[in-house]
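The letters A, B and C name the chains in turn, as written, and every chain counts its residues from 1.
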Amino acid sequence: MSALLEIRGLKKYFGLKKSFFQRERSYVHALDGIDVDLMQGETLSVVGESGSGKSTLGRTIVRLETPTEGSIRFEGQDISQLRGQGAQRLRQSVQMVFQDPYASLNPRLSVGHALAEPMLVHGKVQDRHEAREAVSQLLERVGLRPEMANSYPFAFSGGQRQRIGIARALSLGPKVLICDEAVSALDVSVQSQILNLFNQLKRDLGLTYLFITHDLAVVRYISDRVMVMYLGQVVELAPRDAFFEKRLHPYSRALISAAPLASTRRREPKIILQGEIPNAINPPSGCRFHTRCPQATAVCQAVEPALREIEPGHHVRCHLYGPAA
Amino acid sequence: MFQFITLRILKGALTFLAAITVTFLIVRLMPGDPTTAFISDSMSPQDVAALNTLLGLDRSLFEQYVLFIRNLAHLEMGQSFFFKEPVGAIIIPRLGWTLLLIGTSLFITLLIGIPLGVYTARHKGQWVDQTVSTLIVLGISIFIPLLAFLLVYLFSLTLGWTPVGGAMTPGIDDSEKLADIARHMILPTITLVIVNLAQIVLYTRTSMLDVLKEDYIRTARAKGVSDHGVTWGHALRNAMIPTVTVTGLMLGKLVAGAVLTETVFSWPGLGSMIYEAVQKQDFPLLQGAFIVLAFSVILMTLVTDLVVAWLDPRIKLQGGTTE
Amino acid sequence: MRERSFVQSFAQHSLGRIGLVGIVVMLLFGIVGPLLVPYPSGYNDATPLALPSAQNWLGTDALGLNLFDQIVWGARTSLFISVTAVLVASGIGIPLGLVSGFLGGRLGGLIDSVIEIAMTIPTLPLMILISAIAGPSVSTVAVVIGVFSWPTLARIVRNSTLKLASLPYIEAAVILGIPRRTIMFKHILINAAGPALVDLTIIMATAVLTEAGLSYLGLGDPNAWSWGGILQTAFKGGQHFHAWWLIVFPSLAIMFFVISFNLLGLGINETLNPKRE
């Protein structure tokens, strides 16, 4: 299995407007040094609270944002500073599915038009006739009827709209799909349908997913590997079962404990974290989680832990597992 | 806040510079001999020579521009063809009349318009609202000379209540002067008020409706603030912001209205002066009038912007404008 | 959730319908009228300053020319002016608004500053200046009105664009590699068209009012029939107090035109932001 995406030292800072009285510009440290590989054919879930940077990660990969530092390699080629022709070619390989089905489709374009347009732009089809054929195929693939191409988004339910969004993302034949909270806005019953659709598409088309979500139940259902983010950093990265079983990082523990999972066994009392996520403009010193960590020690405040591979395939960023422990 | 005020003043200055530059370019680049814009046949050769030097009409465009700006800084705007006097001296007294008219009209318009807008917003859908809304549509569509003509016909000619035109009756006693002017001002003011009232009411009503739907109003009501208090206290202050903004934007329209109104009523302001200047092809006067008008409007817009900033705390804190 | 199409909702709104009817009448007058009605010129043998009668539906003016004919031809002028003004204003204002709102950055800020400055300059005096110097002509007036109307339109388009640009479906278009030009002029514009259309109706209404005002001040085109021009001749000749029809009918024509477009604009506005609670 090869790595489709190799991310090294990825940083994304957003500059804030400088008022007259401040001496220096302040930045939001949305991504602060991400290292991860996305392997071909896997579903990697990215979990975290809002403010963790998980959405920014997805947006940076599809080049909605430009990295401040670091590299992103797709199939070996650095895409972090791509423009023009190169960027257009990238679009054909990496696409995105959005969260809000009611805002992700242009209300004034027919479904057929929205699906055909990218194909026409990139030359995947030559004329309207071919386009209509291709659109019909796309719609069937996501479980919709071809006649729906003539309708407008307002005629469809949330779940249907999400399918249309997925069809649109697939229209260029991508290898990687970034799913940004793609099921979070759906009713639970619809969620499972869409998740099943994702799995089926992965099998049929050989896709690779980066699945951004905050819902651990979804993570458990769909992931091969899990990556936990906190305040712009990766704090744990592990295969799914290992993650749920071992839950090494204290933050992961808290997340899992807080999630309403199907299991009725309760291993430990619910962990409720104190306080809120600190702001990303001035992250805490040392380990960023130390302000809320129930197991924080003196060293946690002083020294920032590195992301270490504790067991094969299982990485953690925490002093509890480092050489200091 | 300080940063905002400075920036705003700078923007006003820039706008003024743009306005007078446009004026400069229009006069000099329009088809036809630009010098005819400043030199008429009735001037003596010495006058012509003097004017040439003053305005630099025989030099390059850029040099003329520099001269133009420098002259303006000294309030020198050339000489009127018709009156054969410096433009500045002619304009200033007439500016006063225009400001009197516009100022009074604006004041009355706001005095009536804002409460009316608030009232119709609160009683939306009821017959008062419907009537007012219909009148608004009429109001924004009115053609000023027609309205002025109707008013004069009805009140001055038929009923004899108000004078036909002008600002003062000649030869009147000093003690009666104020009352006299006031009487002359009635019809032109009514005209301007009617024309602009519609827009103010429309805006106040719309923004009031928007504000009343907001969550913080519901909160205030839930807290038990009286209906009256909610309207006048919480809602009004925020609804005022677009209203003041639109007043600033309306200044241009006010000036246009003033031009037409003054002409019909022979009100001796800048507006009618522009009309006369056009009739007599008195370009220096025309240009001077425009510059003075532009300055006044820009200044008033600046003031309204600062008032909006005072009302809207978001602007003060961010040091910029809200989009 | 079934959403009525824009046209259906609009058709329900009575104000908008009235406006539309008015506009159709105007179009008939202005386009078809001149084909059926003779161009008023020369010295008629009809009596000057005649009251409205079966022969002269709206009476005649000081030269004995039929007022009805004048009004019909005036309609054509009014249509020409408002359409030209709208075309000029849109041609400048819409692209600038889109670019400034979507591309943002320094260019966007610069355009916005230009818009703000342009909006503050009082326009009528400037128009008077231009007309006085350039010579009165219908085309000049129309173009000038358009040139003075673009800032407000650009501002409106820019504000809509700013709101739309961060919506997911626009981001999706970017990610899908749709060219920026297409995104602006198709994806964004079709959603931003509403408020822009409202402003266009206002521009058309204002254009006619402005032209009437300019004509009234004596700056109109003497070669073209315009409603303001008819008024100006009437006022100047001092006939207005006796020949009431010379004042009333052109003024009614002006108001009819203006009200129709304003109603249309209000109708569009209500359809876009239904305030039914």
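Definition applied: contacts are C-beta pairs under 8 Å (C-beta built on N, C-alpha and C of every residue); 3 or more make two chains touch, one makes a residue touch a chain.
Just so we're clear, the structure is a prediction, and the values are computed from it rather than from any experiment.
K.L.:
Check B-C against A-C and say which one is joined by more contacting C-beta pairs.
P.N.:
If we tally the contacting C-beta pairs, B-C comes out ahead.
K.L.:
Measuring from CA centroids, which chain ends up nearest the centre of the complete protein set?
P.N.:
C
K.L.:
Quick one: which chain's Cα centre is the longest way from chain A's?
P.N.:
The most distant chain relative to chain A turns out to be B.
K.L.:
Could you work out how far the Cα centre of chain A sits from that of chain B, in whole Å?
P.N.:
One centre to the other, that is 56 Å.
K.L.:
Quick check: how many Å separate the C-alpha centres of chain B and chain C?
P.N.:
For chain B versus chain C, the centre distance works out to 22 Å.
K.L.:
If you average the CA atoms of chain A and of chain C, how far apart do the two points sit, in angstrom?
P.N.:
50
K.L.:
Can you list the chain A residues touching chain C in their complex?
P.N.:
Against chain C, chain A makes touches at 62-64, 87-88, 91-92, 95-96, 98-100, 103-109, 117-118, 121-122, 154-155, 165, 168, 171-172.
K.L.:
Can you check the complex and tell me which residues of chain B touch chain C?
P.N.:
Interface residues on chain B, with respect to chain C: 11, 14-15, 18-19, 22-23, 26-27, 30-32, 37, 124, 137-138, 140-146, 149, 153, 157, 209, 249, 251-252, 255-256, 259-260, 263, 274-275, 278-279, 281, 283, 286-287, 289-290, 293-294, 297-298, 301, 323.
K.L.:
Would you tell me which residues of chain C are touching chain B in their complex?
P.N.:
Against chain B, the touching part of chain C is residues 15, 113, 116-126, 128-130, 132-135, 159, 162, 205, 209-210, 212-213, 216-219, 231, 235, 240-241, 247, 251, 254-255, 258-259, 262-263, 266, 275.
K.L.:
Which residues of chain C touch chain A in their complex?
P.N.:
Touch list, chain C to chain A: 1-3, 167-179, 182, 187, 190-191.
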